[in-house]
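Before I ask anything, let me first share the structure, which is written out below as structure tokens.
So that you can tell them apart, the chains are marked A, B and C in the order they are listed, and the count of residues begins at 1 in each.
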Amino acid sequence: MSNKKNTTISRRSFLQLSAMAGVGLAAAACAPATAPSTTTTAGTTPAAAGAPTAGGILKYAETGEFNHFGPWQMGNVNTAMYNQVFGRLIWKDGEGTEHGDMAESWEMAEDGLSFTVKMYENIQWHDGQPCTAADFVTMYGYTKDEALSGESSVQKTANLMKPVIDVVAVDDYTIQFVFEKPVPYITEILDYFWAIRIDDKADPAFMTTLPVGTGPFKITEWVPNQYTKYVRNETYHHEGLPLIDEWVFNRLEKSETLLPNLEAEGVDGIFGPPLSDIARIQQDDRFWLEINSSAGSIFNIIVNTKLPPLDKKEVRQALSYSLNREAMVQSAFFGIAAPITTPFWNPTSLAYREDLVMAHPFDLDKAASLLAEAGVTDLVLDINVTSRWPQMKLFTLIWQADLAKIGVTLNVQEVENARFYEIGGAGDLLGISLHPWLNGRTSRDPAIFLGTQTNYRGDPTLNIYGWENAELEEIVAAGAVELDLETRRALYQRANEILVDELPMIQVATDPRVWVWAKKVQGPYIDLVGNLTLDQASITS
Amino acid sequence: MKLSQPVLPVTQPVSLRLRLLESQSVATTLRLLRNGKGAFGAAILLVFVIMAAVGPQLAPYDPIELHLEDQLAPPSAQYWFGADELGRDILSRILYGAGISLQAGLLAVVLAAVVGVATGVLAGYMGGWFDGLIMRIWDTLLAFPAIFLAIGIVSILGPGQLNAVLAVAVINMPTFARLVRATTLSVRNKDFVLAARATGASDRRIMFRTILPNCMAALMVQIAIAVPTAILIEATLAYLGLGSQPPEPSWGNMLQSAQGYLYQAPTYGIFPGLAITLMVIGMNYLADGLQDAIDPRRQRARAKMS
Amino acid sequence: MQTYVIRRLLELIPALFAASILIFLMITLAPGDPVAMRLGTEATPAQIAAERTRLGLDQSLPVRYGIWLADVVRLDLGQSLYTNRPVTTLIAEAFPKTVQLALISLALSLLIGLPMGMLAALRQDRPTDTVITGLNALGLAIPNFWLGILMILFFSVQLRWLPPSGAGNADQGMVANLRYLVMPVLSIAVSNLSVFARFTRSALIDVLADDFIRTARAKGLAERVVINRHALKNALIPVVTIVGIQFGRLLGGAVVTESVFAFPGIGRLTVTAILNRDYPVVQAILLLVVLIFLVANVVVDLLYGYLDPRVHLGRAE
């Protein structure tokens, strides 16, 4: 077994990707409002401050409350603690570069039917037990375990791990992932495969007993609705890390209070302030911002393709042309978002095509003529919004005003959260024409995106809204097992074309994640999954 | 609050009583207007009624017209009360909102009164199992704090102006029912009712033409008291996102949005609340004045004191 | 007297029963799917259906009602669908906070409202009265969520003295956490004190006009004695009544105020639970609230009987 790191990407392609990412970053630095990738603003970048000092307590705040401590849940409000408490074999940073956390080296077999990873040998779980290859076999076993078949976090991972037919411990520190057909994107799957131990099958969410992991911090205390505390893992297998002694993660009730708390120095960093506050903070020298879209969350609209006349793609295209995305980004998103017409907006994606990012510029005349072509007059549409995402309410009202100009009536109704999810979860949208929604993982390998975001699929047994497209399904099947990069790229770019032409989902804008830090905090960064990582964070005095 | 004695002499024939009722109303209205509080309240109410009726014409902008470039603009010559998060003129939205609030309050209470009175009279007159059942239902409703019940009802019916009105109506029904039932019970066995029955008048006629007029005074007062509370509860429901739907300009809704922008646009949160407060103050004063006017004993008690 | 109390308490049972049916129907009939919300935007219908079965939510309404009732009797209130935590724990955390809020507000409103009302009654129709009555009218008319917003605007945004929401952290200490109570308490107290003031005023006016007061005065008793001994005790009766009635309003005021300030009490818990269709939480809290309400009514009636010798409890009513 050679020690050379053998990934599925040839060196040439890797350089190409890095170059593109670099260009993307440079472009981002020049044009913050439309940047698709990581952007830091208001002064120095995190790494520039010289030698970081060790020690200190970092205080941090978000809204929302933990309802699950397992990283496999990949839930919205819980993600901030994943990379702190749990480790992964291999992970990708915001530019797409692979790093080994628990893995010393890794290699894809020549025939592409297995992937071997060599672990570090000094890794311990937080309770002192050694972490070995057997633990990963156990984890794989969770995805097949009857007792855990009802647990959503395990099901999500099971879904991601579908192409893996077996996980074998070749020896104590060598793991082999076995496939039936090649899995070119295995490292992206492993990006989600955090190392966990479900010691109590009745508590897979770790609500009664806090979880153990192999990450830089141990979770030591949870006071519900108030805070969680994490202390440095003294036996962390990466020497010298983490830098800080303790991390306190506070829960605040309302997002409007995040910035006031930061400004009053009650906390040193926050996540998710109201977008309308961001312009104010960008002017303030005491703080720096991280506006990051790696998580790839986007705002889109589910179209009820079974409901005439929305079954005609001309009508759906007309609706796309009638969205004044630029204005919405400025008003509904306060400038913090990028307008998009495709889910593959990130230049690092294999499916990326520059001409498709904004394929439908705002054009009411074009929209009107498309509607006329389709023989549609006096169109009446409904859409529901909820207070959980105020941007939705704002952009649908802007859309309502614009649609009225071409004789289309859009009725907007505000409903409670539970009702909103009920509508989105119903295949016929309960008879409603349109439904705003969010999808994620748009920065990931398209195989993962299409494997998890089933509302973009053309197989009616997977896509609950019933949209059918046989060509897309062939692409999905072929791209998942194709080892040649360029062939894959061509396949996924064609998928991109199809999705933008057919529009079973109408894209609106990206949904960047925003962190605000006090100047004295240096070193936090965001990985490609979009999660916060604090192992190199430090507090200067 | 002490209930007044029936204001009509109860032993006289119907036609005479109706005429007395009319002149009694006139007398009451005059007393109301002479009373300082009542006049003040009536004046405020008049202002809002005018606002509701004519405001839409006077409004400088269409309340749902967006001016995205003026998002959250502070008060200025162009937007007297400033602009909201979509650049809509707040003054225009307040003018339009007057009608919505007034309508909601009045409709809810009238609906409550109709249902409450009907069930109350029936319960008091019929007695028996019907009385027991109906009052048990109303009593169960009264065991809930009003706001929980309102939220619950709107949750079932779905958010929207009409459903909010229904919810507020349901909250008020028990009070009306109990009020009317009490009066019915006390009047049921009086001479003139027995006389009416002896002459063969139908139950329905007895209930609605004989018994009901006796409740009128107390009913009027109860309605006047209930309307301002109804307006407040409807505004609260709107604030919680359960009232009128976007882009309709409801005052409670506007406050809900305003709270998200307190740091950027502080004045946004002031005007809609001010409007609600003024309308409710006016109605409260009117209700006070009405109580004094209908029950002159209160005035006399005051005269005794000084 | 004994039998009266026992009878009243026994009467609570059918009332609670009726209320429980209403509560159950109200929340389960409301459209909305807490299971879909629980699983998030990536859930498949199969997963949602499986979860629904796992939670027992696919059974018929009468069955679910029966199970719930049986659980309640055993004091098993279930688990929140939204946070997965036991409902009893959630209530145990939130309830003391609301009680704290309600009691402090009540104390403040009584402390300010009663004297205000008395003063207005004694100086009836003079300038003091007009001012106080005017303030009362204002206090009654202000929507308490708007009052909350105004306070946030003033104390948090302008002056930056007070935190705009929440209840503070356990590790910040009791005194620091009091800062979080100031605005919510003031919001609730302002409207309540107006009700007390107004009621005390009119009750005192009525009593002062009463015959036996005239008699006492005629007997030559000092004005202060007249007021303190005779008038006040009788005026207290309606005040007790109004506190009893206000109890519901206090709870309701707490509901909205807690939402404005995101104060983690019972009110906010209930509103959030209703909006999220968190059945176990809503059912448990509403039942508890109704129970407290009904018991409070009984207590008020008993107090009434104690204070007013004309009221004979337990005899022909």
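Following the convention adopted for this analysis, contacts are C-beta pairs under 8 Å (C-beta built on N, C-alpha and C of every residue); 3 or more make two chains touch, one makes a residue touch a chain.
Computed from a prediction, not measured in an experiment: that's the story for all the values here.
For the pairs A-B and B-C, the count of C-beta pairs in contact is higher at B-C. A simple rule picks the central chain: find each chain's mean C-alpha point, then take the one closest to the mean of all protein C-alpha atoms, which gives C.
Subunit A and subunit C have Cα centroids separated by 43 Å.
Separation between the centroids of subunit A and subunit B, computed from CA atoms only, is 51 Å.
Rounded to whole angstrom units, the spacing between the C-alpha centres of subunit B and subunit C is 22.
Under the contact definition stated at the top, the residues of subunit C that touch 2 or more other chains are 31-32, 156, 164, 275, 277. Under the contact definition stated at the top, the residues of subunit B that touch 2 or more other chains are 155, 158, 241, 259, 262-263.
Shown for subunit A are the residues that touch two or more other chains, namely 256, 260, 415-416, 419. Interface residues of subunit C facing subunit B in the complex, by the touch rule stated above, are 15, 18-19, 22-23, 26-27, 29-32, 124-125, 137-138, 140-143, 145-147, 149-150, 152-153, 156-158, 164, 202, 205-206, 208-209, 248-249, 251-252, 255-256, 259-260, 270-271, 274-275, 277, 286, 289-290, 293-294. By the touch criterion given at the top, residues 64-66, 68, 71-72, 85-87, 155, 158-160, 241-242, 245-247, 259-264 of subunit B touch subunit A in their complex. Every residue of subunit C that touches subunit A in the complex is listed here, in rising order: 31-34, 36-37, 39-45, 47-48, 50-51, 54, 82-85, 89, 93, 156, 160, 163-166, 169-171, 262-264, 275-277.
By the touch rule above, subunit B contacts subunit C in their complex via residues 1-2, 136, 139-141, 143-148, 151-153, 155-156, 158, 228, 232, 235-236, 239-241, 252, 255, 258-259, 262-263, 266, 269-270, 272-273, 276-278, 280-281, 284-285, 301-302, 304-306. Of all residues in subunit A, those touching subunit C in their complex are 65, 67-68, 75-76, 150, 152, 155-156, 205, 207, 223-227, 250, 252-254, 256-257, 260-261, 264, 415-422, 424-425, 427, 437-440, 452-454, 464.
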